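Structure first, commentary second.
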Amino acid sequence: MTRTHTLHAHYRLVRDASCALSAPLSAEDCCVQSMPDASPVKWHLAHTTWFFETFVLERGEPDFRPFDPAFRVLFNSYYNAVGDKHPRPQRGLLTRPDLATVLAYRADVDRRMQALLGAGVTPAQAALIELGLHHEQQHQELILTDLKHLFSRNPLAPAFAAPPPAAAAAPALGWVDFAGGLVEIGHAGRGFCYDNELPRHRVFLEPYRLATRLVTNDEFLAFVEAGGYVEPAHWLSEGWDWRLAEGREHPLYWRREQDWQEFTLGGLVPLDRQRPVVHVSYYEADAYARWARARLPTEAEWEHACAGRPVAGHFAGRGAYHPAAAAGAGLVQLFGDAWEWTSSSYAPYPGFRAGAGAIGEYNGKFMVNQYVLRGGSCVTPENHLRASYRNFFPATACWQFSAIRLARDAPPHPGSG
Amino acid sequence: MTRTHTLHAHYRLVRDASCALSAPLSAEDCCVQSMPDASPVKWHLAHTTWFFETFVLERGEPDFRPFDPAFRVLFNSYYNAVGDKHPRPQRGLLTRPDLATVLAYRADVDRRMQALLGAGVTPAQAALIELGLHHEQQHQELILTDLKHLFSRNPLAPAFAAPPPAAAAAPALGWVDFAGGLVEIGHAGRGFCYDNELPRHRVFLEPYRLATRLVTNDEFLAFVEAGGYVEPAHWLSEGWDWRLAEGREHPLYWRREQDWQEFTLGGLVPLDRQRPVVHVSYYEADAYARWARARLPTEAEWEHACAGRPVAGHFAGRGAYHPAAAAGAGLVQLFGDAWEWTSSSYAPYPGFRAGAGAIGEYNGKFMVNQYVLRGGSCVTPENHLRASYRNFFPATACWQFSAIRLARDAPPHPGSG
Amino acid sequence: MTRTHTLHAHYRLVRDASCALSAPLSAEDCCVQSMPDASPVKWHLAHTTWFFETFVLERGEPDFRPFDPAFRVLFNSYYNAVGDKHPRPQRGLLTRPDLATVLAYRADVDRRMQALLGAGVTPAQAALIELGLHHEQQHQELILTDLKHLFSRNPLAPAFAAPPPAAAAAPALGWVDFAGGLVEIGHAGRGFCYDNELPRHRVFLEPYRLATRLVTNDEFLAFVEAGGYVEPAHWLSEGWDWRLAEGREHPLYWRREQDWQEFTLGGLVPLDRQRPVVHVSYYEADAYARWARARLPTEAEWEHACAGRPVAGHFAGRGAYHPAAAAGAGLVQLFGDAWEWTSSSYAPYPGFRAGAGAIGEYNGKFMVNQYVLRGGSCVTPENHLRASYRNFFPATACWQFSAIRLARDAPPHPGSG
Amino acid sequence: MTRTHTLHAHYRLVRDASCALSAPLSAEDCCVQSMPDASPVKWHLAHTTWFFETFVLERGEPDFRPFDPAFRVLFNSYYNAVGDKHPRPQRGLLTRPDLATVLAYRADVDRRMQALLGAGVTPAQAALIELGLHHEQQHQELILTDLKHLFSRNPLAPAFAAPPPAAAAAPALGWVDFAGGLVEIGHAGRGFCYDNELPRHRVFLEPYRLATRLVTNDEFLAFVEAGGYVEPAHWLSEGWDWRLAEGREHPLYWRREQDWQEFTLGGLVPLDRQRPVVHVSYYEADAYARWARARLPTEAEWEHACAGRPVAGHFAGRGAYHPAAAAGAGLVQLFGDAWEWTSSSYAPYPGFRAGAGAIGEYNGKFMVNQYVLRGGSCVTPENHLRASYRNFFPATACWQFSAIRLARDAPPHPGSG
């Protein structure tokens, strides 16, 4: 009973947060798709609702009738087991249903979900609902990154929010050593996690060290100005081809005007050199690391380094630097600043089991040619952050808040980790 | 004075017609671009306004101040002489300025134009304004064809208007003979025309005959069912490659369900076999004609056949069949039903002179790899129709109301033309 | 009898000429395809042989047995009526049959053809054989242009022949006026022509003038150096897009080293400024003409201007300048120097009839989105040149010896033509 | 001294083997490139020679003079540190230098290398030469796979060798269990290895089992006939998109005629159902494994399973089945049958160090978006096979002899490994 009550409140909280995100936007802002990888805000609002209607209500309501039968296909993202789906690159063509209808769809499904929750749900239903809420939080992050991309393509450079305040000076870059050995990674405990975080398992690590903080815009600018985008020796072969094909000469949202500018959710602003560099591809992260005589961490190194570190504490200080970091003595910016590229290809953990049915398509089928990112960004919902979380994107992806934490091999004696 | 007065009224009439077209649409409907060839309705509304602001007000207002300086680039279509332009395929990314702002832009420019017109304009200004109004009428047609394409991509198949009524039975196809000889084509008289309709000039024609009416859906369906899309011998080599690459098996907006359907501005309706087949490419028109042991007319044949025939009379009966046609004795559907593909590549008339300055970019620079269409369609503004009008599109274009009138060589004795 | 005797000799002459062209080449040179538009030399040798085997021997030999049944598909170019064909872009993958086998195929078909010719042929057979020989001469020209393209892609810049000698100084550019009026074009007389040169028919021409000679490299270089490739106002809209997409900054085979170089069949040599500029696309020809305040001629203007001028006389002086030209008083370089782009889209003449059967696919099905070139180039076989010959290529084509003769409208009084 | 002597003999052996491979081929066969991933045989012959000239002779010959200075660019594959390189997709355009010249190049470099070897080489030189010989052996394998691809595109289906004999019946598929735990992988001992096989390091493995033999054509055909290529649930999302885009309905070289055929180096032959399925992409291997309720092994699982197993013993029996396998009791076909896809993304081992200078570009820069294959195929030179060898290709690659060995998680008690 209590659990349902909590779930009920959680449901309301998460669902309201999505609407709050879109509240300042016009129907036009919510409708357009700026590239195949990004989806319209309206589509995110509808698809997250479709999840509850299709996976919970359709099975749970005694006399289920869909809000609109066409939505089953229209707002299916990729679940082949559910049936046909509308092609992803055409999500932006859906001027109908309009935004008002999609908001009405949300309200209708919320009303029916609350009725279901009020009547009590089975543990299986509760698990599905919890999954749906985490799924919706993922889409809340995408709403912001996709909108940022859309606005970045507009010559008027619209702002979604107030410009970010100037960051405090970044502390000197320090290193923290870890002894490695046979360690455990993967989700532990009773909280929610996705199937791809399981099972918790042993991994053997050589001694390593991690940088205390993320690479700053200032440091990355030094790479740019040292010819980092001109010298192929720094780059993976495929990365160099990507750079040439895309014509990249700096991170995606930088603009080389008289002074360096950066497009942000607060519009076009002078590049803040103290902030972490964000929106870099795996190729750029890897090239920077090689140039800096370092490397990217593996996901196991990253997760092991987090062990025992509180998520909330760091998160509270998004953008600020923790006193420990100022002294160069501890890891900061692990959570809630930017996603950190790891050198680990996204693959199943030993013993991985995908969920049953359509839900089983959630993660497993994307496990090829993607790289794992860890941590969580400034637009990741707070309670979505955890040490075992595995985000993943192709090496070309730049439109997420993706950043760089350096790693190095350490001498083979016990470290401070 | 009278002239300005008439121009003043004409201005108001044309400008209001654009707004009336978009009135039933949502801001979302007006914002999205469904393919690079099509533009968003909002862009059409803004670009036609930009024309007056840039070519008339900027030179004619004593202390000109743009409504928004950014619009100069944003809503330039292709006039290189005016400066930079926003890339065509990205017109659909402009969620800002929103529709309300674009409507305010229209109102502001209209107010200033009316002040200018009230104060009296020079003949040169009057000519530019007249050009601007005809330009806007072209975009009124595009608003409807582009919207139709957008809605056609939506699985919900939205309707912009009431479904079209069933057409009367098409009369039997007859032929009208023309003796040819040395004839004149090109615009004559004092009314408005574009530079590409001039100069009027002599052309020598062999005897020919034209079909009394357009090819119907019923006739085209016979071609489809006879394997017209399967047998390469009917097709131009390039047309066959196009058909394969696009996977075309029937005209663009047909749907092969249990019965044949057609997507229209009134939504998805049963294919009306009595209506002219529309939305065919040059390749399809040419293939049909070859299959029917006929050919497409040249633009000179078409225009010569029109000489002396009233535009208004035919136009009044859009969709209906004229008594003369019912008897198979005269040409019908020349104006206001559908654009008729001709076999003439779009080229300058002998002695062609492009206008001076940016306006000179209006037509001439598109004179390659396009084919001329004549007549005017059911979405062409009525006073935009005339016998000398030269519309033009690439052979691949299908999203206009493009249709087929057959022609044949005639025996070398005097015909009835 | 005499006719067959002549045909017999003609057959031997043309067939031997093809082998002579390929004699200096290695089997490797003959095998590779450098782009989809070009074919390997070996393919040309085989395909021209396939023409005789398929269209003459297969119907004419009492107990026909193909040299190799697989060749029927392998060396069919585009005759759908004959059956399947090997895809054009994959012609370069055929390392088997090897060159020796293809030469044996030629010898075998020649032996059988000579037997047939010796026994006497019907008029229909004779016509087919004559067509086959002209067809082979077209491919002789393609052998050289395709080989030139292949060698141009090789960093070693191989030479097929001795470098061309320095050209004599080009005479000053003059103009010859033509009164126009109702004139006749199209093939006349009893000699061979293709179906697309018929029927001879009347065309009305306004007064015009033609430049006495082709545009030189020197003149075109002035266009390049005046920013001709930088200023979009000179270009057709589609031409400008082509230029940007291809990254063109000068004609295809020019190289901007310390001095301007040009790749020729004689290898890489200094750009000879007195020679006609060649290997320009329709877009480049059109842009140059607009920059020079002129235009390209129509094909009717060109052909009418040639009327009564001897082909052989000009041809004898390939590369040299005729005394009349030196005085600026007459047209030179009409035949045997370079193909001259006309502004005429390739279309059927009024009353055009394609041949029957597979042969009917020879020309008609390419009549869209191509432009007519007239004259004949330095690699066109001499007896292949005639005033009514219509060559045609897409506006993008550069690998033929395509050049520019300027035209202008003339004042409306009698000229000297 | 002895070492140099051995190296001398090894040099001669490997270099002669390359020439022997190409001996039955025509110059045409050696010149053509069938796709960007494949290179012409002539290019392989030249590039492997370039390696010795550039990395050994240029630094080691007192008065080095290149055989041909142009070859430095022409036959550089991807070593940016060496300077410019000829674009990979254009390797097939090089009809010059011809095959005879490339063979002369080989002979010249061999003569100079033998002189150098005769005079004695430093350990660093010896290491480079050894690397060059292993490099050449890699290209010997590519000569055969690239030639197979070229011949497969030829409708004549040429044969390079005698058709393969019918295989013995495959034994029933068995499983061998491994206990896992903390194991070591990576190259050990004093023999040659590439930088990517080092350092030897510890990895923790969960208990697992491996199939005793490779998946057969018969088993894979069952997958095809069960709709394996129709049901997206079996496939990685990206794999399914690949399948659709490529139109794949079976492995690359299979042909669905009346009976199933397979294109082999011995030409087109009936599909031998007892042989291992080869030429499958990672996506196909992964889909088959999922359908078979199994998975692909990791590279660590594979290498650990090999520990202590003789390479030569298995190799001797290429294509045959070892008695142990017939009993289903042991692993067979580990070496010399086909490359086995692993689920491991190609990444640096912990502590990986790339070589210095241009040689350092050998492996490291390809470590993204590729998957590791283990074992070695029927066209891999025998002394090139070893347990620690890491081959790698993108998930899309099919033109190598790539195959499937299934793996499964094992229950957590000691296995038989």
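All chains are identified by letter, namely A, B, C and D, in their written order; residue positions are counted from 1 within each chain.
One rule holds in what follows: a contact is a pair of C-beta atoms (placed from the backbone, for glycine too) under 8 Å apart; a residue touches a chain by one contact, two chains touch by 3 or more.
Computed from a prediction, not measured in an experiment: that's the story for all the values here.
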Chains in contact with chain C and also with chain D, listed by label, are none
From chain D, which chain is the farthest off, judged by mean CA positions? B
Centre-to-centre distance between chain D and chain B (centres being mean Cα positions), rounded to whole Å: 59
Inter-chain centre distance, chain A versus chain D - centres from mean C-alpha coordinates, in Å: 37
Approximate Å spacing (C-alpha centroids) for the pair chain A, chain B: 47
Listed in rising order, chain B residues that touch 2 or more other chains are none
Please list, in label order, each pair of chains that touches. A-B, A-D, B-C, C-D
Using the touch definition from the top, list the residues of chain A that touch chain B in their complex. 26-32, 34, 70, 73-74, 86, 90, 92-99, 150, 153-156, 158
Touching residues of chain D toward chain A in the complex: what are they? 78, 80-81, 182, 201-206, 232-233, 235-239, 282-283, 286, 295, 343-345, 347-348, 350-351, 365-369, 395, 409
